[in-house]
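Alright, structures below, take your time with them.
Presented sequentially are two complexes of chain A, the first with chain B as partner and the second with chain C.
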Partner chain A sequence: MSAATNAVDRSRVGPVDALLAWGGRNAWAVGLLGFLVVLLAFTKTIQPSYGASAIQGLAISVLPLALATVAQAIVVISGGIDLSIGSIMALTSVVAASQMKGQGEEFGVAVVLAVLLLGILIGAINGSLVVLTRVPDIVVTLAMSFVWAGCALLVLKSPGGGSSDWLKELIKGPLVSEWVPRAAVVLIIVVALVWIPLRRVRLGLSIYAIGSDRLAAFRSGVSVGRTKVIAYALMGLFAALGGISLTASTGIGTPVPGPYTLLSVAAVVLGGVSLAGGRGGVFGPIVAVVILQLIRTDMTFLSVDPNLAVVAQGLILIGVVMVGSLIQLRRSRT
Partner chain B sequence: MTVSTDLLLEASDVAKTYGAVVALRSASLAVRPGEVHALVGANGAGKSTLVKILTGAVRPDSGRIIVGGRERLAHSPAEARRGGVVSVYQEPALIPDLDIRSNLRLTQTPEAPFRDWLAELGIDDLRLSELARDLPLATLRIIDLARSLAIEPDLLLLDEMTAALPANLTERVLAVVDGHRGADRSVIFISHRMIEIAAVCDRATVLREGETVGVVDMTDGAEEQIVELMLGEIAQALPARASPAPEGDARPIDATPRLSGRSLGARRRLHDVSFDVFPGEVLGVVALEGQGQDEMFDILAGSSRPTGGELLVDGVSVSFGHPADAIQAGLVYVPADRAEALLMQRSVHENIALPFSARIRTWGPINLADERRKVNESIATLQIDTRAGGEVRQLSGGNQQKVTIARWVAGGVRTMLCFDPTRGIDIRTKHQIYLLLRELADAGAAVLFYTSELKEIQLVCDRTIVIFGGRVVSEVDAADADERNLLRAAYHLDPGEALPKAVLAGAPSGAPVDR
Partner chain C sequence: MSGAVDSQSTRSPWLTWRGLKVLFRDRPIIPLLVLLGILVLLSELARPGIVSADWASVMIRAAVPLAILAGCQTLTMLTGGIDLSVGAVASMAGFLVATLVGGQGLVVAIAVALAAAALTGLVTGIGVGVFRVHPLIMTLGMGLVVLGLANVWQLQMVQTGSGVAPELRTLGSDRMYGILPYSLLLYVPVAVVILLGLRRFGYGRLLYAIGDNPIAARLSGTRGWQVLVALYIISAVLAAIAGFLISGLTNVASVTLADSLVLPSVAAAVIGGTSILGGRGGYGGTIIGALILTITSSLLTSLGLPEAVRQILFGSIIVFVAAAYTRVTSDA
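Entry: the complex of A and B
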C-alpha cells in the first residue's frame, strides 16, 4: 500500500514478479478482495438464486458510492478530508438532470462534459479555501457542504429533470458476458483513465508527499498549496462523476444529498487509506464499497431488521479496521 | 569582509522578527567559492533562521542576499534549489510514506550519482524500494545528504548533519564534506561539535543573539577564539568542568542499587543487559547507533515491556506496564527529542507543573501556591530563559531541553534516565546540564546517562557501561573513560588490538574539545 507501486522498474521485472510485488505492497487490498470472494460465496449459499443479474444490480448500486469514495480517497491521501462530497454530488446531479431533460442526445454529451468541469471548479474552490484561509479541511468542507447543498436546491426544488438515454444505457446491463456489468466496466475505465497516469507523474507523488509529511514535501520542493488545490479539484471531478452516475441510474436529479459523504469516509478507512494521509490507494476503497453494499444485501436476505443491519455495518467497520491495525502493529514489532 | 565580487554567497544585514522575538538582528555571512564554511553559535543565536532564509523557507524582514554575484531571494526551497543552494536539514526531508526511489523522483534527483554518493558515504546495501519510514534516522540523514550531493549544488548547507549519527558514519560524512570543497563548490557546515569544525572547515562565522560577531580562520587555536566569540561576556561565568569524579569508591559496599537490570532482553535488539545504578552516581551508557540502547531506555521508562530478564528498583523486582508505573517508582525519563516530552503549545509553567500536578492518583484541586513555588525554584535552578514568551515551542532548543529536565527536578528526582539529553544544543546549555546532573547525583539521585558524544562521559559519569549488539560488553571507570578507550569499547575491540584505521581517522586524538 504505497505510492511506490508504480516505481517498480518494469523494464527489469517480469509481469508475475510485478504482480507479486504489487500484491505485497497492497496486502490490505488483496486481503479485502479475498474477503469479498468469501462474502460472495456466502451470499450464494444463503440465496442460491444470486446470479448474473444480481451482480449487475450490485454494480449499478455501488457506482455512485464507489466514485464518491475515489474522490474522498484522493483528498484523504493528500492529508485532507472533504465533508461536502454528498452535496457536490447532489448539485452536479441536479444540474445534469435539469439541463438534459427534453434535450437531444448530443446535447447530453455537452452537458456531461460541462458538469465534469463544474465538479473540477467546485473542488478547486474547496481546495483554495482550505489553502487560503488555513482553516482546517474538516471545517471548510463542512461549511461548503451547506453551500453546495443549498445551490442544489436553488437549481431544482424537488426531484426531477431527466437523463439522456445514452447515459442511462451506459451503465445498464452486461457487456460481452452476462457476468460483466457495464457499470463495473465504466467504473474501472474512468478510474484507470485518471488514477493510473496520475500515479506515474510527479503530481501523483506530490499528492502522497503532502499527505505524508508537509514539511518534508515543502523542503523537497513540492508546492504544497498548489498540490492541495489540485487534489481537491480531482475530488470534485470524481464527485461530479458520482453525481452524473446518480442521474444515470435514477433518470432524474435529487437535490437532497444522499448518505455518500460519511459512507465514503467509512469506505476509505476500510479500504486501507490512512486518515492521517499519505498511505493507501483507490483500489482498496472501491473493494470496500462493494463489501459494504454486499453486507447490506446479505442482511436483507437473512431478513435482519434494517436498523440492526446498520448497527452491524458499523461494528464490522470498526472490527475490520481494528484487525488491520493489529496486523500492522505486529508487523512493525517483528 | 573581503571583496564581494568573488564570493559565492554574500548575505548582509539580514534581520527577521517573529512577533516580539527577534530571531536575527543583523546577520552577515560571506562564503567564498570552494570553501567549507562553519556557521556557529549557541542555540537561539539565529543559525536555524539564517539557514531557513538562505533556502527560501522563510522570508527575511530586511537584508541583502547575493548568490553568485546576483541579488537573489528565494521564495521556496524549490527556487533556492534551482539557484544552486541546497540544504540538508536536521530532520530529513524525505517523505515517510514514499519509497526511496519515489523520493528521488519527487526531487528529480538522478539515480546513478545518488548511488555513487551513497556508497561513498558508507551505505551500499540500500534497496531503493524501501519505504523511508522503515529506515533508521541515521540512514535517512545519509540518504538526504547523498540526494543533495547528487544534484551537484553550488552551495550545500548542512545543518547539524552529524548529530545523531554513529561515529563510523560521522567520519564518512566528514570525509565527503572535506572532499567536496574545491572547484566552485562550497559547503556551509553547522555543528555544535567543535572538533568536526576544526577538522573540515576553512573559516567560521560566529553568530550571537542574532548578530554576526566575527569570522574566524580555522587555524590552530581557532576553537578557543570561536568559543569566546560565541559566549561573549558570559564566558567567565561558565564552569570549566562539571565537578570531578569522586576519588575512590564513595558508596558503601553493601548499598542497595537504586536501579538494577538483570539480563534484560527485548526481542532481537537487546539480549543480555545487566547493570546497577547506585544512589549518588551517574552511570554512563555508551553504544554505537542501534545496539539496543533505544530498547533499553524504552523498557526502563515503562514504554515497553522486556521480553526477558528482570528490573529491580531499590532491590525489589518491578514490572512496568505504562510510563506512569515507572514514574511512580521514581524513574523519570529525559528523551533526546524534546517534542516527545513537552506540550509545545502550553506554557513553561504548565509543562513543568504537569508531572507533579497531574498525578493520576491525586484528585481534587491543585495547590497553586505550592505549584508556583516549585516551578519557580526549578526555573531558577536550571536558569531557563523564559523571555521568549508563553509557549514552550517559542523557546530555543537548549531552553526546551532544560524544561524537560526541570519538570522532573521540580517534583524531586530519585532516578533520572537521560537519553542523549544534549543532542543538538549549545555548549553553554550542555555545560549547565552536565553540572545539573552532577548536582542531582551529589544530592543522592541515581542518574543513567546515554550520550552519542563520547567526550561527555568523562565530564559527567562515575562509571560507564558499553553496549554492543544488545549486550553489555564492558564497564569503564571514570579515570579510563577517554574517547579513545570508549570508542574502542563501543566497537567491541580488545584493549590491545588496534582500532581500524578508518575509525581512528574519525576519532579525536585527545585534542582540547568543546572549550
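Entry: the complex of A and C
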C-alpha cells in the first residue's frame, strides 16, 4: 500500500518535503527513534561514564540480532514468517568459522562470499518449499529449523573454528570519530546497499504487494510464487550476514541456534511491521533492536535482577503491541 | 462439517485412486494411522523383537506430555492462534510444585501451580481477546514474563531446596502392573474432555466458528473475547498438567524443562491435520501426531544415527507429512 504511494509522490518534491513525507509514512519508526534518544539521555544520567566505548560495545552486541531482524522483516512484509532464522545463522556461522580457521586473509574473503551465497540458497529452499507445498510458512520454516540446526551440527560438533582477522577488525572499534562504531557503519551500509535499491524497483513493490493482498497482487500481474522465493532468499542473505557477524564478534562458530528467531519476530513487530504483511520497513525494527538491548543495559546499571529484566522485556513487548493495536482499533472505528 | 461430502464418498468406490483420495480427505485420520503403522513396522525392522507391549507402553508414556501440549496448540490453532507460552507455563508449573511440595504439601502445591497457570492464561486471553494482540506475540511475551518470574522464584527458593514429589514421579513415570502408565489415568479423561468438547459442546463449535470466519461468528452473536479468554486459560491449565507429568517423567524440576517440547507440540498438531490458519482440524489427529513424532524420534535414536542427522530427518519428515496432508485434503 504505502509502497505504491511512495512511487508516486517521490517525483518532483523538495528534499524537505520528501523528508516530511517520509516521516509521515514512518511515524512509528520516528517515534521509536525519539524514544531511543530519550533512552540514551536517561542512560547517560544514571551512568555518567556511559560514553563512546560503551556505544561501540552496544553496536557490536546488537549486530547479529539487528541483521536477523532485517531478515525477518523482509519475510514478514512479504506476508510470511521464518522460524528458522536462528538455525540458519548457526549454520552459516559454523560454516564460516570452520572454513576460515587457519586460512589466509584472502581465502577468508572467498569464504564470506561463499557463505552469503549459501545463505541465499538456504533462503530460496525455504521459500520454494513454502510455495511448492502450499503448507503455511510458519509450519515449513518451523520444520526447516530442525533441518538447518542439524546441518550446523554436521559441520561442527562443538563450538570451534576461527575467524579471519580482517573480519574481526571489520566490526571492532570506531571509524573516523570515536562516537561512530564500525559495527553500526557496517550494519547501515549493508542494509542500505540491499534495501534502498530494492524499495525503488519493481521487485520491492511486488514484495509489499504479495504481503498486502496476494490475490490483488496476482491479478495485477505479480508472480506471487517467484516474489515469495526471492523474499526468502533475501532473508537467507541477511541471516547469513547475521551468522557471519556472530563468527566475527565471537571469533568462533557455535552449532547451537541462539535466541534470534523469536527475538527477531518480537523486534519486527515492535518496529512497526504488521505480522499480517505488507506494512512496515526495516528501519523501525533495527531501532527496536537497539532499544531492547539498551533497556537491558540500563537495567544492569540500575542493578535490577536480570530475571526481572526478562520479565520487563516480555511486558514491553506486550505493552507496545497492545498500544499499537489499540491505535489501530481506534482508527478502524472512526 | 464433512456431512455433505460423506454421501459422495460412499457412492464412489474407494478402491480407485480418486475414491481413496476422497476417503483420505474426509477421514484424514486414516492416512495418519497408516503412517503410524509404517513407523511401528520400521521400528521392528530396525531392531527385530523390539516391538512389544512393554515398548508400546514406554512410547505412550513418552507421548502423553507431548500430546497434552499439542492439545493446547490444537485448541488455539482452531481459532487461528498459537500458544508459544506452553513451554514456560509447563516448566513453571512443574517447578512450582517441586519447590512448594516440601513445605505446603502436594495438594496445595498443585493448586498454587494451577492457579498461577490459569492467571497466565487469563492475561494472555485478555491480551488476545480484548486488546487484539497477535497470539504469536502475546504468548511469546507471556512466555518471557513467566520464565523471568520463575527464575526470580528460583532464586528465592535456593535455600529451601526442591525435589519432584514422589506422587508425581509415580504418575509421570511408573506403570500399573508394569505395563499401563499411570499417566494415562490422568490423560484419558483429559483427552476425552477435549475430544467431546470439540465435537459435542457449543464451546468447541465456537472455537471452529471463530477460526473459520471471525466476522461471521461475531455477527451471529458470538462474544469472541469471552471465548478466547476461556480458551487461553484452558490452554495454560493443560500446559500446567503436562508440566506435572514431564517433571514426574524426567524426575527433574527446572524452569526450562519443557522448552524443547514447544516446537514439537506445534508440529504434532500440524501433522495431525489441524490447520494453523484456523477452523479446521481436531484433537484425534493430534494424538496420532504426537505418537508419530515420539516413535519417529525413538526410531531415529535406535538406528544409532548421530544427533545432527536425526534433527535433519525429523524436520524433513514434518515438512513431508504436512505437504502430503495439504495435497490430499486441499482438492479432490
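Keep this in mind: the second predicted complex is superposed on the first by the 318 of 334 C-alpha atoms of A that agree within 3 Å, B and C clash if a C-alpha of one lies under 4 Å from a C-alpha of the other, contacts with A are read in each partner's own complex, and residues count from 1 in each chain.
Note that a residue touches a chain if its C-beta (ideal position, glycine included) is under 8 Å from a C-beta of that chain, and two chains touch if they have at least 3 such contacts.
Because the structure is a prediction, the values reported are computed rather than measured.
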Query raised in the report: Which holds for A:213: it touches chain B only (first), chain C only (second), both, or neither?
Result: first
Requested in this report: Classify the contacts of A:50 with the two partner chains as first (chain B alone), second (chain C alone), both, or neither.
Outcome: neither
Query - Partner chain(s) touched by A:146 [first = chain B, second = chain C, both, neither] - result: second
Report task. State whether chain B or chain C is in contact with more residues of chain A in the superposed arrangement. Result -> C
Requested in this report: Go through the superposed model and pick first if A:28 touches only chain B, second if only chain C, both, or neither.
Outcome: neither
Requested in this report: Identify the partner contact of A:275: answer first if only chain B is touched, second if only chain C is, both if each is, neither if none is.
Outcome: second
**Report entry** Residues on chain A engaged by chain B in the complex (per definition of touch)
**Finding:** 2-4, 7-8, 21, 202, 205-206, 208-209, 211-213, 215-223, 278-279, 333-334
Query - Of all residues in chain B, those that touch chain A in their complex - result: 55, 57, 76-78, 81, 87, 89, 91-99, 101-103, 105-108, 129, 131, 267
Query raised in the report: So in the complex, which bits of chain C are touching chain A?
Result: 82, 84, 127, 131-134, 136-138, 140-145, 147-149, 151-152, 155, 263, 266-267, 270, 275-277, 306-316, 318-319, 322-323, 326-327, 330
**Report entry** Residues of chain A defined as touching chain C within the complex
**Finding:** 81, 83, 129, 132-136, 138-140, 142-154, 157, 262, 265-266, 269, 275, 305, 307-315, 317-318, 321-322, 325-326, 328-329
